[in-house]
Amino acid sequence: MAVDLRDPLRSVLGSILDEVRDRTDGEVASYIPELAKADPRALGIALASTHGVVHEAGDSAVEFTIQSVSKPFVFALALDALGLEEVTRHVGLEPSGEPFNAISLDEASGRPLNPMINAGAIVTSSLIPGDTADEKFARIRAGLQAFAGRELDVDEAVFASEAATGDRNRALAYLTRSAGTLASTAEIATTAYFRQCSLTVTARDLAIMAATLATGGVNPVTGERVVGEDAARWTTAVMTSCGMYDASGDWLVRVGLPAKSGVGGGIVALQPGQFGIGTFSPPLDARGNSVRGVAMLEALSSQSGLHLLRHRGDPLSPIASLAHEGDDLVAVLRGEIAFAGAEELLTRLAPLVGEQGCLVLDFTAVTRVARGAAGVLRALPELAGTDTDGRPRIVLRDPEGVLEG
Amino acid sequence: MAVDLRDPLRSVLGSILDEVRDRTDGEVASYIPELAKADPRALGIALASTHGVVHEAGDSAVEFTIQSVSKPFVFALALDALGLEEVTRHVGLEPSGEPFNAISLDEASGRPLNPMINAGAIVTSSLIPGDTADEKFARIRAGLQAFAGRELDVDEAVFASEAATGDRNRALAYLTRSAGTLASTAEIATTAYFRQCSLTVTARDLAIMAATLATGGVNPVTGERVVGEDAARWTTAVMTSCGMYDASGDWLVRVGLPAKSGVGGGIVALQPGQFGIGTFSPPLDARGNSVRGVAMLEALSSQSGLHLLRHRGDPLSPIASLAHEGDDLVAVLRGEIAFAGAEELLTRLAPLVGEQGCLVLDFTAVTRVARGAAGVLRALPELAGTDTDGRPRIVLRDPEGVLEG
Amino acid sequence: MAVDLRDPLRSVLGSILDEVRDRTDGEVASYIPELAKADPRALGIALASTHGVVHEAGDSAVEFTIQSVSKPFVFALALDALGLEEVTRHVGLEPSGEPFNAISLDEASGRPLNPMINAGAIVTSSLIPGDTADEKFARIRAGLQAFAGRELDVDEAVFASEAATGDRNRALAYLTRSAGTLASTAEIATTAYFRQCSLTVTARDLAIMAATLATGGVNPVTGERVVGEDAARWTTAVMTSCGMYDASGDWLVRVGLPAKSGVGGGIVALQPGQFGIGTFSPPLDARGNSVRGVAMLEALSSQSGLHLLRHRGDPLSPIASLAHEGDDLVAVLRGEIAFAGAEELLTRLAPLVGEQGCLVLDFTAVTRVARGAAGVLRALPELAGTDTDGRPRIVLRDPEGVLEG
Amino acid sequence: MAVDLRDPLRSVLGSILDEVRDRTDGEVASYIPELAKADPRALGIALASTHGVVHEAGDSAVEFTIQSVSKPFVFALALDALGLEEVTRHVGLEPSGEPFNAISLDEASGRPLNPMINAGAIVTSSLIPGDTADEKFARIRAGLQAFAGRELDVDEAVFASEAATGDRNRALAYLTRSAGTLASTAEIATTAYFRQCSLTVTARDLAIMAATLATGGVNPVTGERVVGEDAARWTTAVMTSCGMYDASGDWLVRVGLPAKSGVGGGIVALQPGQFGIGTFSPPLDARGNSVRGVAMLEALSSQSGLHLLRHRGDPLSPIASLAHEGDDLVAVLRGEIAFAGAEELLTRLAPLVGEQGCLVLDFTAVTRVARGAAGVLRALPELAGTDTDGRPRIVLRDPEGVLEG
């Protein structure tokens, strides 16, 4: 029987579950009677890689309502449909330093401060194309399904509860309507928003949804492009600065993963280019964040060194070897070459470009070249020109085309 | 004469200077008479790589007072001396959504919301060890000199002006003193702070200082460790969420580089593991940020794809080749292996670990392995155990020790 | 032909009209198209005494919508129906220092800060008994008609405009609903409120309505008691501290008359026990107060010395004469006797109460005795007891019963 | 032995003391160690009439520091010295709805919102003429002594405590200094302010000080004019809207007496033209107001009907009798004739001015005529002109000159 090499990952997730399992602080959300029925002991986590593999532990297949975790994904859909300039005419990008249900309209513009607080999320939902609440919601649902890679249901009991108790959200809708920033009637916006919040997901779904942002907009499981790369990056940026309400700054310092929580007990987090995570545990802290979800992400970030702003240690030089092949000098390059690597290449190789002979840059073992760096490197042959014999001073060897696009 | 391969980088910086050179909007800071004497046409930029090479263009050697650009570096010194828990007893980590001179004390705790606004910066200066303003400032100066890699002077005329007109800052000091969060008398804190703001630097200095944060605390030019890796990461996180005052969220979406500006006309920005940048141009916008400095960083981020949250495109697989060497199956790995790469490795190689024979993982061409990933990979041989012949099922070949530390 | 002695009063009002007639600053309210149709030149004033005589000048019979001038009167109706404790469970009594449409809910209680801002006025309307908007409005209309002493119509065009553009007011209703302080559904409250604001009145009506508060709740023209004395006093107090929005403090210092303005161009003002005033002129200042209405009230207060807190000069002694009538000593009293007068009486007459003989206090020429003073004075005969001959030491002569009630 | 008719007043004050004596809630101020030494059982009240008689009960002669009760009196001194326009360039007149130590600077102007909060009081002290703290304080002390009618001492221990712990007040001083509204250095202003707050007074002193405002600026005991009538009225207006911090609106509704409290345990209250009151009881409520002082004033207002905005009941007609004396018709007038009375006179007498014969208005029994009314009445003879026989149609009989000035 083959050893399962993936055990290490399962064991990481499992040990994190074990670490938080016995915490009993926090309260299941009760402002809606339906939410209060959630099992406080439910506990799950899932991690989806940008290659489309999903690792899970615990109650990662239990369904719960997505609630505010929907906000960044619907924001991404709005950005994708309308662009950053049009969207920011309606909602800002600044952290509010205030709780989720804060009013927080910018005085001058009437815009909600950001799309992660309720007022901004309602405006975001109103921006989704569609003339009726049904049309808007159909588009939102289709978008969230594409993020998750499967069909999502509405929990009609929760929806009915949200609609029955949602006066504060209606107030926020009317307020933005009167400020000129809501893009539909208040009734249409809140109905679409309440339905959006009532969609049910699992921790596994959230992991895939987050991973879709982490890939720059392509669902790594289905391969479908859900939103453009710009929309994914802008959304990730807003999650970074505003995703955890009035604790966003602290979260960025201590955990360092763009994230968003919901009162249903779910949290998503991600690292661009790496992975998406979904967690599920209903009891919430005073700020409305899942107590054990927060604890799992803190543990994961700290134990596995996933902080977005962590310095990863000095990489080896991108120049693996330098050797003469006949008259040519061949530099074998390796690894990922971003801005810093390109800069090192140029600095170290500059003295080697001579009167005669050719410098060959071999990119065969290079796995990725950052966009800005690629442009600079592609321009080198023309820049170096030819030697006295008319031969090119620099030649690029790039069999896998890592310098393209 | 040899071609200088570094021309592409110089040309990037030079073309960015050209792009913004003719902008005449903004006003030189005038709240202090000395600052109003700055030449509005001065324009410079410098980029320091984490390998310690500095590229410069324009007036990158012109001296100006550091002002608020000092805030993150002194914050890093305080974190390094006292740790995150002690420092955050005195100053918060949350974006304020308010201007630089906002009062912004947290009602419950009396802490300034973050160390990038004046109130928080004054508290930060008060935290630097020392019984007198002179002792505190001596330590601050020594720290900033270590960041810059050279001696820094005080502009005594600016200092005298700051001290003469600094009533609002004195108010902030007394306010935090009365709230119990200032760690010295108000007089000591403001004197140290005013002197700190009056130190003179160049765009080149700022680039090296930022690069020191980008390396995780080691000055890449002098090789001196200035602060620990944690202090560097925490500081970078606070710059990410709070560095551009009430435009920090917008900045993160559009530019995506942790940054900090000062009314002297300087801005620092950085990308962890990659580079530090310093810009200089005195005219400021309404928020107190250098107009052309902002424009240069926007152009650089957009043209060179430097956004922190940009998805860099799918990397090549970390598995360069798979080949039999006798009974062994050798997987030649390559590039940087972070969480996602390790996950891919495990997923793809799991089916290949067989009853007989050995899987050799060759890390020779791997340039860097992320901490969390390294731990998982190091554990593989023990996990896989031995085959029926008693030979190890997995062997790691790591001649350069990329799996260590 | 008889001379009309009332000419002086007409001339006061007329000269005030002349004084402000040529001011052309301010803008007619335009947020509702119907309001923008008002004639900016219309200018009227009326003064109703607490004896029920109304003096008028200019366009005092032109109808306009009452708008926010309705707020204190509906508040008085709510106080009268429910009492101060119940009403203040729903709306506060504190000045907000904020504009008319401010959100200004008290954080802890969810109550609007006061009933003169829109949020508080909507809550006030919701408190008026009635299960439907129609029932509530019927009661509000009946109450306002009783204040005015005539039937009032709804301007249906303005009502339709209010309802069509009232999203901010709907937001305030939903906000207070979600905070638990609105006493009906948001829809019922806003409909009743919009209809209330659309009732049409004249400057003459406003003068009578204000005079009804000035008498302690009895319409001085019709003689009908509209609200109780407590409700009238409490309402006048709230007008004093909150009636002119964020200029209420300044108004109290400079003008010193409890007042309330509306965007229809009307203002009411009053002095308890003296008079009510109504003014009408549509152009508004930046705060939403009628420019010429404010100017008329400033002129009237300043020229006629009507400031509520003005010291009226030392009155003559309340003791008109002291004379012996046989054995008795008769003190002929006069004027109004409030706390200070009673205190003077007691202090001056104490030494005159002797072993023998009777002190007669003659109240025939006294016009009014304040409540607190009357109680003290009525108690004197019993307190003084009888002299050695068994005759009362003090006798009260009060043919018109000014010491009663 | 003569009966003391003043017993009723003593008994009112005494019974009010008894009513509150057993309340033990509230805490003696402890932010300054010296204040914490106050005896929590001390309880006193004094009432000074505008005729200069002082009634006292309980510990009305116990000295305590005046603290914030000094604010309105120093404000009156500033108004008297500089006028309303100059003073309001530095400090506003609007209620803040915030606690005593709120920052509350108006954003646009940099002015503290009103002179009853600390920031505004410090600015007020800075406005008092004088180049040094000593000079300013000497003038402040002289002014407060004139209000009290006796010499006042500084409690040096309290002053030292205030100065040692006054960092928040220093912060407010520097803040207003930097906003351009403080009229001296921060050090001078706070020193003068701390000394002002440390002056010791008794409840009796406070009653006389308040009575001095109630008379329009003349100390009723010493007869000295301390401030002008305008300054007294303006100050009373600010006490009305801002005197009880964030409970000022509630206070005006329920108690209806302009008032000001201090953390030393004192409260002043007054009614213009009637009386001043001082109370003393050290334990404070959460807002910093003396618990039993508040309770005594509530009881006094409610039991004795002293509410400023109380309708006093319909007065008797100012026309005591109408009788023919030969050809003349004599109207005997009585009482106080304010605006309403004059209006009634004119309205009722108009039909009686005939072709022939003279109407005599006899003011002998009139105790006071309000300024605006007097002007109208004095003008009547000229207005009425002469009859066909050349005799005046109206004659005024005013032996005591109540129509003058």
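Order of writing sets the chain letters: A, B, C and D. Residues in each chain are counted from 1.
Just so we're on the same page, contacts are C-beta pairs under 8 Å (C-beta built on N, C-alpha and C of every residue); 3 or more make two chains touch, one makes a residue touch a chain.
Keep in mind that this is a model prediction, so the values were computed, not measured.
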Contact distance in steps, from chain B to chain C: 2
Farthest chain (mean CA position) relative to chain A: D
Copies chain B and chain A - interface residue numbers shared by over half, same or different: same
Whole-Å separation of chain centres (CA-atom averages), chain A against chain C: 61
Mean-CA-position distance for chain B and chain A (Å): 22
Mean-CA-position distance for chain D and chain A (Å): 64
Inter-chain touch pairs (all): A-B, A-C, B-D, C-D
Contact footprint of chain B on chain A as seen in their complex: 2-9, 12, 49-51, 53, 55, 84, 92-97, 113-114, 214-217, 229, 232-234, 236-238, 240-242, 246-250, 252-254, 256, 258, 271-275, 303-318, 320, 334-336, 338-340, 343-344, 346-347, 349-351, 353-355, 365-368, 370-373, 375-376, 379-380, 383-385, 393, 400, 402, 405
Chain C to chain A touching residues, read off their complex: 103, 167-168, 170-175, 177-179, 186
